[in-house]
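Naming follows writing order (A, B, C, D and E), and every chain is counted from residue 1.
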Amino acid sequence: MDVGIVYTIISIVVLIYLMTSVLYIIRLIKGPTVPDRILALDALSYDLSVFIALLALLLRRPIVASGLIALTLWIHALDIYVSKYIEAREIGE
Amino acid sequence: MFLERVSWRASKRRPRYMSDLLASLAFRTAMIAFVFNIAIALYGVLSRPSLVKKFLCLVAFTDSINIFAVFIGFRYTPGAYPSPPILEAIPTSPAEVETLINTSVDPLPQAMILTAIVIGIACSIFLLTLILMYYRHYGTTNIHEAEEGEEPHAEAL
Amino acid sequence: MNRKDIALALSLSLLVLALSLTISLEGLGPIVPRELRPLGASFVQNSYNPWNASLTSLSLNVVTAIVWDYRGLDTLYETLVLFASIAATLVVLRGYSELSGLGIKGLSDVSKSVTVVIAPLIVVYGIATAIHGHLTPGGGFQGGTIAVVAATLIIAVFSLEYLYRRGVSTSRLMLLRILGLLAIILTSLSLASIGMPSNVNAYILQNMAKDDSALSMPGVLFDTPLAGSIFLYNLFEFIIVFSGLTFAAMMLVLRESELESIKEAAEVYE
Amino acid sequence: MVVNLLPLVLGLTAVTVGAFFDVVSAIGILKLPNFFTRVHSVTIGAIGGSVLPLIGVALISIALEDLGPQRFYLVGTSIVGAIFILILAPTGAHSLARAAYTMCQAPRKPLIYDALENMKEGASCR
Amino acid sequence: MVFLLGFLPIYLMSSAVVVAMLSFITKNRAIYVAFSAASSLVAFIVSLYILSLTIGSSILVYRYGGFPAPLGIVYTVDKLSGFLATLSMFMLLLTSIYSSWMIRSRWLYLYYLLLFLMATGSIGCLYTGDIFNFFVSLELLAISSYALTAFYRDSPRAIRAALRYAISGMIVTSLYLLSTFIIYGSFGTLNMADIALKARNPSIPVAFTGTAFGDVVISSKVAVALITWVFLFKSAIFPLNFAWQPYAYSEAPTPVAAAFTAISDTVGLYGLIRFFYTLFGYDSIIGDFRTSILQLLQIIAISSAFVGALLMSFQRDVKRFIAFSTMVHLSFALLGISLGNVEGIASALLHILSNTLGDSILFYLAGISIVSCGRRLECLGTLKLWRISIIAFGGGVLNLFGVLPVFIGFWGKALLVLSSIRLGTVVYAVLTLFISGVTAIGYFRVLHQISISKANADQLTVRDVTIPHTLALTLLVVTIVLGMGFSLYRPLMDFVLSIGFEVMNDYSIYIARTLTGNLGQ
């Protein structure tokens, strides 16, 4: 298989991911409640982490992918903090 | 005067290509966004009465300055993608280091914003504590409301 | 629209104008530069360059080499700024008490069991990021901030109570933090203090041997570049950032009843 | 080259299928009526649209030899990332859903059996 | 012994760490006091020694990590920075002694910890030869000042003052960071000497940094304009001082308020001198722009001094009174800097010196009345219980007023007048004398207030006032000795004038020493 085809497919997929992130952003802005927004942000950042990995492939710079895990972790922390705040009103309890 | 200055730089420049123009367009867009981001964030800090909003705008302000530094360090390498300033493997000859210089972006702004980010975090922690304490004292984080509640001459004493 | 807003808008638009002029008149170089600035190029060139031994720091990652070797003093000060902000937090909230026995509320069982699984993984990943800082992207600060996620997750999903029961208290974190800072300062002084009695020239924050001083940190361990003191600095910085940010997180989420006692500790206002 | 063909094809398939899932999830989050149904679509997006492509990226980068020795870094990072997302995304969605239940803003209309009914705040807000 | 130059900031930060370590072992006040006093005494001696070295071999360079100048960070010390650093360390010593008397808090170690960190930042700012390192040190200085302002956190006003100071300070330091990035973008370097060289001639190639990268003229203009605001904020000049100075001075603990002048505000003036004379001097590519900024600064300085002098006369709070007095003096120092000749810079230094000494006398004695009565001006009557207090307080006020040639304060004003006459602008001399006349209202109002208010010995909560009296008397003797010395002993005046001369003219030595390593090592 030609390597060129691989990069073509990956670039198309990257474009798809960019376009779906626009949809997520619409929900992020529109979202009527706080959990809605956080959910959209969540989906957006998981989208973004795949985007980073694909970009690392596409740019032929594997080291670009190092931001991926940190992003995932902090977004999860955001989830937990928001839900903790809504449920318990005090984080430390 | 402007024309003079532009032509002074133009003598150093190579002929432009389509991709060059595209890169320049993208770069300009990002720079415009950055400059307006700084202005909006600064406006937020100076005019919002709520301390929490002030704090958020302050964080946005420092972060947009950091992003500005990333742009300063950026470079456009036609034909290849700019690479992070990291050697792939232990170089066996000086020529391998030279190849990195041809594609790498500027490492110094990245190192500087690393320092600036830590300082920003440190300041944020302290500001948050102060805002918490302010809330404990005044019962609100709105500076206008808090100042209304005070007796007028408390300041002068 | 009062007078203050107009003045603000005017000055901000002046700022925008000045910055845009600087950028568009190529004050920062060509709009899309093709060359590196010479200083950046010399950093890239010297970062891992055994053929120019007097300027190298034997680190594959140029950013880490700049952060901890070429501009090490900046990073030392930056660490101190973080220390100062922790001390400032203590100043503002001094007199708090850590009350265990206020009860555990926490989140659901699903979150709890997931956190138990994931927290050690996160810490391990953070440590890996920190000690590989001179080879791959990362470094002490990045590793520390990744590892702090574990602590913040535990605080939210379980409670502060859980941390207290595991022996993690703010005073212990502070002690850890101070020890890390002390270790960094001692590392920065180590070569100079070795060279001083024997009258050998050595510099503060020195890593590799220079033209005028033969002392050097260990550069290579089992054919892997160790980058001398950069490895140590990254390790200690990991400890500092992890303990410092965990400390800050714990201070910021103290329960209301724990903060009650700072009112009782009121002092004479002078 | 033949040895590399299998992971390459598998990886590309995974990435493409992942893109499909992502589009589905994005349409879902935009069009579905209330919060709890959106949670469902986001978890599809997280597992199908993130974990699968990340594994795909790992497979592709094993196969592509022109990436140099650093490609194993990409393999490791994307697999670890996939594992993290696999564990964390459902947990996050779960705790958000619980929080939204406590907030009482999303309608619980089609609910047949409410297991959280005896939660203190949750019960009172119908 | 250039090693000491690089060692001093490391020493100060390790003192801070040791203070923090001690807090885990013991809570005994005496140990902290003894340790801090001894430690700051050593720091003072070291900085004095460095100052004496600069007199001998003019400019000292220490290379951290052994890297040559534009590649690594160097500390470059000339007479100016050596002098100001000595002043700063002297105030650190006095503050750590006085705090042992004044601060009754159980958390004395936090106080000393932040004090040492503040001194570290100050030393870093004054000694460094690198603009980004200057930013980092400035930030350390700033954050410890915010924290010390909030030390009495039980008072809502202290928290508010600290918040004001912190938010405005963060904006300002971020602007400094922005201008640092702009300078790096166009000059391609961060080293002060390198920038100074390229600001004179952008096409000179330097080792490691080559020639300037972008259009140097426009970016230096923007960067200098931003940096000027930053330093005006830091040195509490009129339009910007209301963001923090009166609040911070009146809410911070008294010893810290006394130390702010020498340790914190000085850094702003030092930065102005460094940027407008060494980096972008009169013969740099932005010479015209610099001249117009300096003219603007003259107007700002005069108006700031006038506003400060007026506001000083209305204050009822003794700490705010001293804050505005500081503002007047720093404005005069700014005027001296912006006049742009040797006498002007010398007068700026003398203003900083006399203001530091005079302020400290006033603050230290006012501390007695604040502890025993309160912060109102009427409370100063408490000082009448001791004759020494009255003498020292009067001496301090007269020094700040600065008409008697026995005090050091006189010579600052004299040099300022001389400088403006040299420049041909007699109007500044007249305005200086007029504003000094206006300040007389404020100063003599305070003295009058002391004489009419009653001393109530029963209210007195403190009996032992040895430490403030000793310190105030020492400071008074220092001011008088210096003042007499300036009139009788010519080399003192020559030394101060030589600092001005060096700043004005010897930038080429600064550049050469920094970029080629230390010749005197």
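Here is the rule we use: contacts are C-beta pairs under 8 Å (C-beta built on N, C-alpha and C of every residue); 3 or more make two chains touch, one makes a residue touch a chain.
Here the structure is a predicted model, which is why all the values come from computation and not from measurement.
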Going by the stated contact rule, which chains contact chain A and chain E alike? B, C
Fewest touch steps from chain C to chain D? 1
Of all chains present, which has the mean Cα position farthest from that of chain E? D
Comparing the two chain pairs, does A-C have more C-beta contacts than B-C, or is it the other way round? B-C
Per the centroid of Cα atoms for each chain, what is the distance between chain B and chain D, given in Å? 32
How many angstrom lie between the CA centroids of chain C and chain E, rounded to a whole number? 29
Please compute the C-alpha centroid of chain A, do the same for chain D, then give the distance between them in whole Å. 10
Distance in whole angstrom between the CA centres of chain D and chain E is 57
Among the residues of chain B, which are close enough to touch at least two other chains? 5, 9, 38, 42, 46, 72, 84, 86, 89, 108, 112, 115, 119, 122-123, 126, 130, 133
Of all the residues in chain C, which ones touch at least 2 other chains? 19, 25-26, 28, 30, 33, 37, 39, 43, 71, 74, 78, 81, 84-85, 88, 92-93, 107, 111, 125, 136-137
For chain D, what residues touch not just one other chain but two or more? 68, 70, 73, 80, 84, 88, 91, 95, 98
Listing of all chain pairs that touch each other, if any do: A-B, A-C, A-D, B-C, B-D, B-E, C-D, C-E
Partner chain C, residues of chain E touching it in the complex: 3, 6-7, 10, 13-14, 16-17, 20-21, 24, 63-67, 70-73, 102-107, 110-111, 113-114, 117, 120-121, 124, 132-133, 136-137, 139-140, 143-144, 146-148, 150-155, 158-159, 182, 184-186, 188-190, 208-211, 213-219, 222, 225, 253-254, 367, 370-371
Please output the residues of chain B touching chain C within their complex, sorted ascending. 2, 5-6, 9, 12-14, 20, 23-24, 27-28, 31-32, 35-36, 38-39, 42-43, 46-47, 72-78, 84-87, 89-91, 94, 97-98, 100-101, 104-108, 110-112, 114-115, 118-119, 121-123, 125-126, 128-130, 132-133, 136
Help me check something: in the complex, which residues belonging to chain B touch chain A? 81, 83-84, 86
Inside the complex, what are the residues of chain D that reach chain C? 73, 80, 84, 87-88, 91, 94-95, 98
Show which residues of chain E lie in contact with chain B when the two form their complex. 132, 136, 139, 143, 146-147, 150, 153, 156-157, 159-160, 162-163, 166-167, 170-171, 174, 177-178, 180-181, 184-185, 190, 214-215, 217-218, 315-317, 320, 375-376
